[in-house]
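The two complexes that follow have chain A in common; it is paired with chain B in the first and with chain C in the second.
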Partner chain A sequence: MSKKQTSGIKWLRKKFSSLLVLLLGVGLFLFVFLPIFYIATMSIKSQSYVVSGEFSLIFFKPSFNAWINTFNNPRIWTGLSLSVRTATISTVIAVILGTMAAYGFSRYKFRGDDDFLFFILTQRMLPPIAIFLPYTLVWQYLDMIGKWYNLLIPYILISLPITTWLMHAYINNIPIELEESARVEGCSQLEVLWRIVLPNSLPGLLMTSMFNFALLWNEYMFALFFRNRTLPVEVGAGIRYVELTPWPTLSAQGVFLMVLPATFAFYLQKRIREQPITF
Partner chain B sequence: MAIKSRDRLLKYLVAPAIIFSFVAGVLPMLYALRNSFYNINVRLPMQTERLIGITNYKIILGNERFQASLRNSIVFSLEGTIGAVLLGLAIALFLYYFLRNKPLLLTGLSTMLLIPALTGRISVAYIWRLLYDPVLGLINHVLGLLGFGTVEFLSNSNIAMQSVVFTDVWQWSGFAALFLYAGLVSIPREYFEEAQVIGASFFQRLRYIIIPNLKGLLLAVFLLKFMISLRNFDLISVMTGGGPGTATETVDMYLYWLAVGGRGLLSRASAGAIIMLVITIVSFMIIINLYQRQKVGE
Partner chain C sequence: MYTLEVKNLTKIFGEHKANDNVSLQIEKGEFFVLLGPSGCGKSTLLRSVAGLEIPDSGEIFISGESVMDKEPGERDVAMMFQQATLYPNMNVFDNVAFPLKIKGVDKQKIEKQVTDALELVQIPEKRNSNIKNLSGGEAQRAMIARVLVQDPEVFLLDEPFSSLDHQLRVYMRKEIMRIHQKTGVTIMFVTHNQEEAMKVGDQLAIMNNGRIEQVGTPAETLQQPNNKFVAQFIGHPQMNFIPAEVSEQDGQLVLKVDSQTYGPIAQEDLIKQPESTDLTIGVRPEEVSVEKEKKSGEDKLNSKVEFTESTGANNYIHFDLGGASVQASVPEIKDWDQGDEVSVSFNKERLKLFDPDGERIK
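Right after this comes the complex of A and B.
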């Protein structure tokens, strides 16, 4: 009898702890999901519904006015094209420079190599305002304020530490024996880089590029300060309504801004979980 | 012979990044350092530049608004970083203990967890401004249902900063969790099996297996998040605009206002930026030192 009782308690405890796990899991999911869900539903509510004071998470009459407004707004499209242009060009250049440097640092030992690698990484630690203030004088002098390409140099500057660091962590994990055997078979150093290292680091390259692209896609401060109306600047400008904030429209724009980088999440989470990335 | 040519090529691979970092990063810093000793005013372009020594530093260090913004920057960066890393560790442990052998659930939840980090600060600011809204916000609605009064999350100067920090933690804890999860998985299984044999409790495992093995990664994530926290202009300026009053104004916002928005005191703002730069470098030195010390101990 008593034996049965203890096993009953055990059974209860087991059930209880799996219930707890389930609750924690669902809670974690909702913690991330609900805020995004809330802005997404807000974007398909009508302004009149929002101001009417009614409140429902799911049961409301959908209205696509906010999205129609967003897509009919020419500034959103010019912002989009500017964002795509600056983020793509800067990412490509930063990934090329960063990969070259990462490979060099990973395979080439010279005096102070760690210090030079650290030096590149420190560029990310510069307070952005300390970059902005000198640059604004130089851009003014060169009459480049408001020109779209004035973003490229600051963007590459803030990307280079991340691309170098991620690629360095990645290339360090490629066994050097692969390269050595290729060298023995008579490949030149450039051929080794092209035929062995690059194909093997393709997942790392993809991850680095995606991560960096998302970073620049979302960059707001330099774009605003150097007078470039990229997508984040256009979207962020919406908040300055004083009287009545058009939340459905702002929500639609906010969601529009986050869609592209969010598509990287599936690929990136797998890469990040695969191997620990340290310095 | 072969080795020598190889070395030379590798040198050329490293050089462009170093040169670029120097020309685009270090030279502007030196230029800002020089400017901080002058009296440049962007509102008065015709004014002759004059060396005025450390006057700018004296004035800005004595400025209460600058001191407050410095405090805000430090509070935001430290609280947000510590919060995201701790919550990230908790989430990583949860994923590790309960979802490691359920690939589908793990993938789904990880993808969800990464989305906020990839989402732009502007969108995140909108999401949370909306959630915190006294009238339309989900949080105040739920509080109302539970019988509480409306909380002015962003316009009450006592809690505005904490509300912004919470948003930051929400955005980055999942990101930290995935990095730490990778570290947890790479801890040899035997350690945990031994712990099981001895009958170690969860907290003992945390104290003697997980934390020691994860130290390097924890510091790396801490550093990475700290760098992200330094770029807070976007989040805070859209969420609160630095307000109410100057309760959430950070150094970037104040110095930008000083140099461009206000009286055009670019030199004085440069002095502030140099102070911020020194503080940043010193705090990073401390973190990196800790990191290297533990690396040697490994």
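Right after this comes the complex of A and C.
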């Protein structure tokens, strides 16, 4: 084979592989953003346009009825308030407890500590429906079905394993000598935690909080079965199987549901990037 | 009253005695160096003094007071670790101010003390820098400043410069000596580098396997090592060790190496009675004198040059005696060649003898 031919094949290969990468990129982009784009545009279509059988992603006459419906619906606002309350309180408590547990696992050695840590992670793999049954019995007994706070305990429980694991990794990263220095310089154990460990795992704390918040924000099953009309439950309630489903309104509510955690995540990731901590 | 006194301290990790009945005393203002190979228990001892390890037995006194029931922060010590432990969430000023803030010192005093400390370690311009932007040397300076502002009874420095490159390490070593001279603080300095230890220390404690082998000035440990371990650990180039048998002739001690006799080396009563006749001679390369051509006589041992070596400043020839490789320092390297006959004698006054347990008997 001549030299020219080989280089020609190389050139083709190179072109081909960059084409492949481009196609993959476009595919991935469509895969992630098309659904979002779809419901975003759907939310500004009119119900009559949607049921007319016509379809276009871009060329249609916009209508803001769906959004007006959404904002005029008091249930969306009560759902929003409930969602914010349950997700925030549960996230905060889970992050506090999980961080303390993670600190313990990271800094104190005891028999079987690694096994125990792994056991905690396995709790995350429990099917929610399995823990749902005993909860229902207890909640019924305590007459707590339908009370907003009945979500807190299951929410904290499902957040704890990941919180503990993520924070364990972050805290392990902080050299123990930093804490020992602070001890010798006069800090009590609690002061060490407050002044050294927490500030230096702040990006981790923010990340973990963000992750948990999004997880709980989108939680549907517990809220539905414990009769708590959080935002996802309210949105889901719009789906009709016998009557006509109000697709644009539902889409507007879906977009609304997405906006808050996304904004939250956006601001947090900015903070996290502004102060990366390396040791 | 000693500034720091450790009495019979033992610390056991599992089965391993990291510190084995360690005792030592440090006077006020002393630059005390703890020297020993890696893993011999130096850090463990220092950490016990700081309160970061709880010893299994023994006691520690600081300024005459037992600190066994005190938290690390109440012991009036400051500690510097091998890696600079600057807090990444604070800038240089806040790092140095941190111990003062914890102790509740008022703001104006903090301002002044931190400014002075940064001045002393010669990085006043870095006061508002992020610690990420400090070089290795600057980070160690900031650490020294943070240790200084605590104004402790004792500074505990655990190989503080060993992560720096050689030049910077030498420089920082001089800096710490300058600061010691200027402030008169008491320092307990840990190192595994004997050269560094000899240069900085007023007093030296040599540690091995969790035990203190000897405490003394650098000159004492060099000239009168307690045992073989100290003798081989201290001094550069290393001491030669030659197996020998000892016997008595007319009230004098005579050594037998390779079936050649050497001596008499001393009056019999000059040394403690050896329990065994199998001893080790210890002699430094500069205490070995060599002559060319073979000479028979009582005071000479004969061998053949195996190889020669020159460092530029110093020249050495190597030969075998009693199965041990011996190094002797010579004025001119060009006088010597491999295979040359060499007759050897020792500086008898300085020559050391070690018993089979390694204890020095002369």
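To be clear about the criterion, the second predicted complex is superposed on the first by the 241 of 279 C-alpha atoms of A that agree within 3 Å, B and C clash if a C-alpha of one lies under 4 Å from a C-alpha of the other, contacts with A are read in each partner's own complex, and residues count from 1 in each chain.
Rule of thumb we're sticking to: a residue touches a chain if its C-beta (ideal position, glycine included) is under 8 Å from a C-beta of that chain, and two chains touch if they have at least 3 such contacts.
This is a predicted model, so every value here is computed, not measured.
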Contact-wise, after the overlay, does A:Gly104 reach chain B, chain C, both or neither (first, second, both, neither)? first
Taking the superposition on A as described, I'd like to know which of chain B and chain C A:Glu191 touches: first, second, both or neither. second
Quick one: classify A:Val21 as touching chain B (first), chain C (second), both or neither. first
Touching A:Leu244, do we find chain B (first), chain C (second), both, or neither? neither
So, A:Ile58: does it touch chain B (first), chain C (second), both, or neither? neither
Which superposed partner A:Pro199 touches (first chain B, second chain C, both, neither): second
Using the superposition described at the top, determine whether chain B or chain C touches more residues of chain A. B
Thinking of the overlay built on chain A, is A:Arg183 touched by chain B (first), by chain C (second), by both, or by neither? both
Could you pull out which residues of chain A sit against chain B in one structure and against chain C in the other? 183, 277-279
So in the complex, which bits of chain A are touching chain C? 175, 177-178, 180-188, 191, 195-196, 199-200, 202, 277-279
Contact residues on chain C for chain A in the complex? 50-52, 71-75, 77-79, 81, 83, 85, 87-89, 98-99, 102-103, 132, 146, 150
Looking at the complex, which residues from chain B come into contact with chain A? 2, 5-7, 9-11, 13-14, 16-18, 20-21, 24-25, 28-29, 31-32, 35, 40, 42, 91, 94, 98-99, 105, 107, 109-116, 118-123, 125-131, 133, 135-136, 138, 141, 170, 174, 178-179, 181-183, 185-186, 216-217, 220, 223, 227, 230-231, 233-234, 237-238, 251-252, 255-256, 259-260, 266, 269-270, 272-274, 276-277, 280-281, 284, 288, 291
Show which residues of chain A lie in contact with chain B when the two form their complex. 21, 24-25, 28-29, 31-36, 38-39, 42, 50, 53, 55, 57, 97-98, 100-101, 103-105, 107-108, 110, 116, 118-120, 122-138, 140, 153-154, 156-157, 160, 164, 183, 189-190, 214, 217-221, 225, 232, 235-236, 239, 247, 250-251, 253-255, 257-258, 261-262, 264-266, 268-270, 272-279
